[in-house]
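The chains carry the letters A, B and C, assigned in the order they are written, with residues numbered from 1 in each.
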Amino acid sequence: MIEFRGVTKRFPDGTVAVDKLDLVVEAGGITVFVGPSGCGKTTSLRMINRMIEPTGGTILVDGRDVTATDAAELRRGIGYVIQHAGLFPHRTILDNIATVPLLLGWSKAKARSRAAELMEIVGLAPEMARRYPAQLSGGQQQRVGVARALAADPPILLMDEPFSAVDPVVRESLQDELLRLQSELGKTIVFVTHDIDEAIKLGDKVAVLRVGGVLAQYDQPGRILARPIDDFVDNFVGRDRGYRGLGFLSSDAIPIGELPTIALGEPVPDDDAWVLVVDSEQHPQGWLNGAERNGATVVEADHLVPGGSLYDIGSGSLRSALDAALSSPSGQGVAIDAEGRVAGSITADDVLRALDDVRRDVAAA
Amino acid sequence: MNLIAEMVAWLTTAEHWTGSGGVPVRLLEHLYYSGLAMLLGLLVAVPVGVAVGHTGRGSFLVVGAANALRALPELGLLILLVLSMGIGLLPVVLALTVLAIPPLLAGTYAGVRNVDRSVVDAARGMGMRESQVLFKVELPNALPLVLGGARSAALQVIATAAVAAYVSYGGLGRYLIDGLRQQDYAQMVAGALLIAVLALVVEAALALLQRAIVSPGLRGGARRSPTVDVARSEHDAPSTQRPPAPELAGVER
Amino acid sequence: MVWEWIPRNVGVLVELLGEHVMLSLVPVLIGVVVAVPLGWSAHRSASVRAVLIPTSGLLYTIPSLALFVVLPGILGTQVRSPVNVIVALTIYTVALLVRTIADALAAVPSMVVAAATAMGFRPARRFVAVELPLAVPVLIAGLRVATVSNISLVSVGALIGIGGLGGLFTDGYQRNIPSEIVAGIVLVVLLALLADALLLAVGRLTTPWERASRVARRSRA
């Protein structure tokens, strides 16, 4: 648990980067600091491991003042991941990851075997161990950076815009990896980003900071989307916050309708309606538009119109349900179960009706 | 091609390889002065270059000194020292050391300075103490440029050691000076060849050394002459500038 | 040390200075003219580069005195001829600059070159109008090193009788006049620093865009 008590950072030239910040970072979750340039998010993060020293206030980690411990020792107990990874170019990937364990005095063999474990955990192929950072792509380097931070199994992980320097596709997979890792490891993570979408996706709690280092709002992402505290937060969160907010609302109440399916290879029905085509495992393949069947006799892959997004009954939200309905060429969203098999249909009307119910429940809470 | 024939004749004359004026002796003398000067130069230049490169303070002085010392005429310096101290090992080695320092200083400074700032930041953030950051991270990464500076320095020293013969000292330069006085052109050219070969051999040896001790992860990139790099860093050529990392402003150790 | 000889010999000093300037400057000028096309071809063609760069490295390794001595045999000149010194220093300048120019051209952002080509520049015009100007900073840095080195190396030529201000060293040694040597050193260093400053100024003048970005960076900091 990390506590900021009236923490201030004033630089010698007079700029106040962080202004009397009071915040409690809860243990075991991902807390995101987000805000525009100059809001002090990185400065705040770097005060936790004393890369920057506060000019006022105190920071407590698990009840102990960070200034009470020797800085180098403090840092060995906190994982630190930065934007361009900062991997040591002169050491192999394996030795890079083994750095902190070696600093802590582990034997070389033990440190290296731990490093190999971590490579597997972050999804790096074992043959990368003997390579050098210059030979890796940006995304791979970032994975190494995360592995390196986790090597000594610190309870706290500080991440300073770790995914900002990679392209959006790689960024998304790294974000998903982080969420998966976190579900296995349960670390206390403080994550800094300027991207509100990343904050909302990753954060269990999000702290929105204003220019000048002032805390604007600190809450669960769903609540920030639903109830921004002022115009600044509203603007910062951006457009479509209503729609994005649906991502945090449960969709259990939505009824799943019947959805007749037809398999590949079966005869084409003599009907102008849309029909969902599945494979032998009941996985959706696409839609057949009956009105344009043009004399086809057997259902083949070429005839299919690509379907929209899929709504997963177990893990989906109102947003994914609505999107499934809206993006379907037939107007019927496809609902699937955990194995990816077709479970039924969903319409936009169903979602909006469920939305009313959910909002009533939230207002009552 | 009388010249080549004469030179070969000189080189194949046995008596030129024996005695106190023979090639082996002169060669060893030459290597002795050069080696001593390199050693002293390293002892002076490396700590200064590392200190200035690591802390960033005094960089103007280092760059200025490196440039100014490069302008110092080796012959003049040598003669001046000999006149003040008399003929001996000390003035010769001193002159050579003064000439070895600029490339070593420039190389060391540029090497340490050019280590990626985010690598140093990550090292500190992981809990390395300053000395560990210096020895385990900055120096290994600075090695390519430091060794580049050492190679330049070695060449400079070997070339100037040839000039030491003018002040009646030993070394391979004796063949040039004596040959000039005696109008023995074959001797001069043979001496010139020997010096050139020595320089090439030393350069090759240092290149191999560089290959051996620099981490494979650092190959490909830092092989430019450090003197040009130092001049460039003071000129701020945009293509070599990395975008300044805003989060590193105000870092305190 | 005695200094009275200086006012009496100003004429000689000026003459030596003039000789020194000529001996160091001419190689630089010739060197640039020769090195630019060579550097350009090394930049364009990897096979040319594979030959030129190691050769330049090799030539640069050869100590100056050795080169001064060997050249007369190859060129057919007298040992004590200014041509030896000029050719030797030109070789050094070219060896240094070919590498520098190839690197400088490589440092020009490839996107800028591509944009120029897409706009319809032919290679020769593009080189003169786009690549060369952008390569100037590194080129100037190389020129400064070459010029300062040359100015220092010319004095070594005194050992074969052609050394410009280097003559003050040999004369001072033979007649045991330390002040003459000091005067020589001071003059050589001043000349080198002056040339260095001039080149730096030329560099700044020919790259006004660098000045602007330098100012912008300073005001942002």
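Please note the rule applied: a contact is a pair of C-beta atoms (placed from the backbone, for glycine too) under 8 Å apart; a residue touches a chain by one contact, two chains touch by 3 or more.
Model, not experiment: these values are computed from the prediction.
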If we define chain centres by averaging CA atoms, which chain lands farthest from subunit C? Would you check?
A
Which chain would you call central, comparing Cα centres to the global Cα centre?
B
Measuring from the mean C-alpha position of subunit A to the mean C-alpha position of subunit C, what distance in angstrom results?
57
Counting only Cα atoms for the centres, state how far subunit B is from subunit C in Å.
19
Averaging only over C-alpha atoms, locate the centres of subunit A and subunit B and give their separation in whole Å.
53
When you check subunit C against every other chain, which residues touch at least two of them?
none
For a test of understanding, state which residues of subunit B touch subunit C in their complex under the given definition.
3, 67-68, 70-77, 79-80, 82-84, 155, 158-160, 162-163, 166-167, 173, 176-177, 179-180, 185, 188-189, 191-193, 195-196, 199-200, 203, 224-225, 227-228, 231-232, 235-240
Contacts from subunit B onto subunit A in the complex sit at residues 116, 118-129, 132, 137, 140-141, 143, 214-218, 220, 245-247, 249-252
Spell out the residues on subunit A that touch subunit B in their complex, using ranges where they run on.
11, 17, 37, 42-43, 46, 49, 51-53, 72-77, 80, 82-92, 99-100, 103, 132-134, 145, 148-149, 158, 160
Going by the contact rule set out above, which residues of subunit C touch subunit B in the complex?
57-58, 60-67, 69-70, 73-74, 79, 96, 99-100, 103, 107-109, 137-138, 140-142, 144-145, 148-149, 151-152, 155-156, 158-160, 163, 165-166, 168-170, 172-173, 176, 178, 181-182, 184-185, 188-189, 192-193, 196, 203, 210, 213-214, 217
